[in-house]
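Chain naming follows the written order as A, B, C and D, and within any one chain the residues start at number 1.
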Amino acid sequence: MNKIQNKGWKRKLHEIIYEADTPEGKLFDVVLLIAILASILLVMLESIKSFDNKYHDLLNISEWIITILFSIEYIARIITVKKPIKYIFSFYGIIDFLSTIPKYISLLVGGLHALAALRALRLLRVFRILKLARYLGASNNLINALKASKAKISVFLFAVVIVAIILGTIMYMIEGEENGFTNIPKSVYWCIVTLTTVGFGDIAPQTPLGQFIASLVMVLGYGIIAVPTGIVSAEYTNQTKTDKETKNTNVHLNTQACTNCSAENHKDDAEFCYHCGHKLNHG
Amino acid sequence: MNKIQNKGWKRKLHEIIYEADTPEGKLFDVVLLIAILASILLVMLESIKSFDNKYHDLLNISEWIITILFSIEYIARIITVKKPIKYIFSFYGIIDFLSTIPKYISLLVGGLHALAALRALRLLRVFRILKLARYLGASNNLINALKASKAKISVFLFAVVIVAIILGTIMYMIEGEENGFTNIPKSVYWCIVTLTTVGFGDIAPQTPLGQFIASLVMVLGYGIIAVPTGIVSAEYTNQTKTDKETKNTNVHLNTQACTNCSAENHKDDAEFCYHCGHKLNHG
Amino acid sequence: MNKIQNKGWKRKLHEIIYEADTPEGKLFDVVLLIAILASILLVMLESIKSFDNKYHDLLNISEWIITILFSIEYIARIITVKKPIKYIFSFYGIIDFLSTIPKYISLLVGGLHALAALRALRLLRVFRILKLARYLGASNNLINALKASKAKISVFLFAVVIVAIILGTIMYMIEGEENGFTNIPKSVYWCIVTLTTVGFGDIAPQTPLGQFIASLVMVLGYGIIAVPTGIVSAEYTNQTKTDKETKNTNVHLNTQACTNCSAENHKDDAEFCYHCGHKLNHG
Amino acid sequence: MNKIQNKGWKRKLHEIIYEADTPEGKLFDVVLLIAILASILLVMLESIKSFDNKYHDLLNISEWIITILFSIEYIARIITVKKPIKYIFSFYGIIDFLSTIPKYISLLVGGLHALAALRALRLLRVFRILKLARYLGASNNLINALKASKAKISVFLFAVVIVAIILGTIMYMIEGEENGFTNIPKSVYWCIVTLTTVGFGDIAPQTPLGQFIASLVMVLGYGIIAVPTGIVSAEYTNQTKTDKETKNTNVHLNTQACTNCSAENHKDDAEFCYHCGHKLNHG
């Protein structure tokens, strides 16, 4: 991207909002990041009763400022993208909408406290700005390792759930309602708490037989934690090895996004979008 | 399996029940899977007192429908297999029987709540339908890794149990009955809870010396969790490597089961059962 | 070991007690194993008040029988070894003594309940009989891996303890006595409970700042559990690799023990003890 | 370092304090190590009310002795280094100052209990004396592995925190104040407690839906613990491999410190400091 000339304001705005290679784009990202973190802090502080009572007005005004800022950003995103429908129903499009709307609804309905917490979804927007995939750099063999082991870990977790249901039912039969295992779902919940070595202790076996079975469950949980760990570390070792062998030629990617379909991670010398074939705006 | 012709109804039924390569076989499996999951849901809902009081009749009728369905399936399985005795006393044969019988017994004896939970064993039947081994596909080097490390993990868990008994006895001597360590088995139970990092907190050391020993137990538990994990991941790495080297020629297996001995996982071009030598019914 | 002839009774007894290659030796080991497990069961049952009250006499008599059996065995071991002093002060010699003596002391002093639990040390004797090293077979690269990583794991655990002391002191300053962090040692104990992800919950931070620091401690603990696991699995992978490369020529070892110094694991064709040079009794 | 001659007392003192290759230097380190451990013991004992009441004077006097010893050492360190300012504002310089000053302040202000605990920072000084890096010997590929995986583990922990905030907010909406989830920060704290499998149990979900979400959180936590472990063990395996291939020529380092800039780990045959180029005092 050598020179920027003959661009309409839409194109310029698109570059500022969606990319981080120009100074304006970087500034926009930093401001947005601060706004998101500030808004999350606000959501947290609001939930603390004693704090909300003291500084209610301050919190309310700050929340309105941030909501309006996000609304402007949301509209700007829709205008500058060529296919707005696609953006609106994309993952981040929905997150952007859901994290902006609660304050407006509170104006109409009033006191909808539950909805307010939806604003915490704003945190997911952080991932877009940070463009984490880029920061991770060459470490995408971690993601490959996770993808490669996804099927096996799913089967493993599925087996864990079945074991939890069967052992939970057995514990329900042994301990019964008088010891806190009031029904099978609760008993299964206890079993997952124990198998994963969390161990809250809100429910704990009281009968000798129950404690014996619980010991087996714990030793089992202790033994099987080795399985996902083993899979991931083995797959990851393989990934790094393959990586070395294929001499992973480090292609440099930039943060530019296609004005048509918003696809990212284009190569520095790309002339057209790899996703939709639209001309990229290299000045 | 090219054409299916000249088959008796028994042979056809056998194919539907035991195999999943024909449309009827697949349909049967899906219906059975839904029935099993529905019946597990019933068992769970029944155990919730408030729910059972409200919808007792509905639950009872649904349970009878499922029990009758399972009974028919059980009889059909016996009829279509050439050696019914072998099936009846096989692992799945016993599971099928135990998960069907409780409802009939409740008719005779009445109010045998404890037995009712036996029906949760139905969940084990899921494994048969899903034929998980197949779904796991080429990932059977996970199973090989687990088999290879079985002996070592057993020895390891055996050592953990011995450590738990000795440390449990020491904690019983230090803390005594007044701090919840009422007897040695309970003390050993506490020790397993702690070693496996579950930590319910229903029993916790109160004396300074007891807390010091507990700290040692915990750091020990934290250190030794590395052992099974290390074994599995190393074995798994080895398995994947051997796999690559021997160019694991992917033999395609089908879900067909021998009409004589119910052995599964025959090769696609197999003419005779690899287990009992009986002719397979390739049309 | 082809023929056994011209042996004194001492030599024969030594072979029965210390080795497991002859039928008599195997029988002796099995009987001893049962006696040990029975005695551990006795110690456990005795500690359960309700059980002890009912069957006190039965437990007492059984305990005397086992104590006398172990006494005879202890004496036999001393007689048949050429250097009894060495045996008496060896690890297993002390265990054998400590696990036999409590019952005799109870005769003299009476009601020394605490000492009685010493008998749980008998469990350590199981390791001798099982000769676990042999059962582990070729898996002694696990032991090598543990030895290779011992130094690093020690340094790691040492660092964990220092972190626990410093963080414990900080938590003591933040939470104070009113929230259960009554003094620094107790606070350090809490910190170890948390770092190792055990989490009893008998002490838990109550102040927001305390909970924030606790969160950091937990995430830290969650992150550093990776270190020992990573070390062991990497070392173990290395061991298995070296193993393959050096073509580990499977030397067959027998369970014979030297009559002079009790060294074990002699090669099948060994003529002299590898430890003291004493002639081995190959008939 | 062959012969030591023609040195001023400053140079000699520098050698004793900062190095461990001469007998005097070793003696100094051992005395300092004992003083540090004794002072930590004092801080702990002081915090135990019952102990402090009984032996207050003894503890006070011991603390003064150690404080004066540390003060002398601190001044000696400043005098013998050529650039004292650099030392004073170095990591260990600040630790040395902070761990010495509290007793003097208590003289002026009196009863500043909170400050007293600062003395626990003395423990950090242990790392300087032990010069752990050296003890770890060739194992610095563990440190390399940790460095190599630092970025990935940071991203991972960052993602864990974001997941905790979002799930914490959801749990706050579901469980609400009546079940202990009084505000979002507390709810996030609970979520971290659960995700890291610590599970105190001071807060635990009570509603069925909350328990269901909690189960998901736990299984998630159980699954993702595999990630940092996998990374570290894979990186460590790589480090050890690279190590072997590059034939890591074992350079022998000594504990000598530059009199000018205090840089350590000079090679045995080094004539000048690798950091500031100052002449090293090889007699």
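Methods note: a residue touches a chain if its C-beta (ideal position, glycine included) is under 8 Å from a C-beta of that chain, and two chains touch if they have at least 3 such contacts.
These figures come from a predicted structure and were not determined experimentally.
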B-D compared against A-D, more contacting pairs: A-D
Hey, what angle do you get rotating subunit B onto subunit C on C-alpha, to the nearest 5 degrees? 90
Copy of A-C's interface among B-D, C-D or B-C, judged by over half the contact pairs being the same? B-D
Copy pair subunit A, subunit B: interface residue numbering same or different (half cut): different
Distance in whole angstrom between the CA centres of subunit A and subunit D is 33
Find the geometric centre of each of subunit B and subunit D from their Cα atoms only, then give the gap between the two centres in Å, rounded to an integer. 47
Check each residue of subunit C and list the ones that touch at least two other chains. 185, 188, 197-201, 225, 229-231, 233-234, 237
So, in the complex, the side of subunit C touching subunit D is made of residues 151-152, 155, 162, 165-166, 169-170, 172-173, 182-185, 187-188, 194, 197-201, 204, 208, 211-212, 214-215, 218-219, 221-223, 225-227, 229-231, 233-234, 237-238
Under the touch definition given earlier, write down the residues of subunit D that touch subunit C in their complex. 40, 43-44, 47-49, 114, 117, 120-121, 123-124, 126-127, 132, 135-137, 139, 142, 145-146, 153, 157, 160-161, 185-186, 188-189, 192-193, 195-202, 225, 228-229, 231-237, 240
Applying the document's contact rule, which stretches of subunit D touch subunit B when the two form their complex? 197-201, 229-230, 233
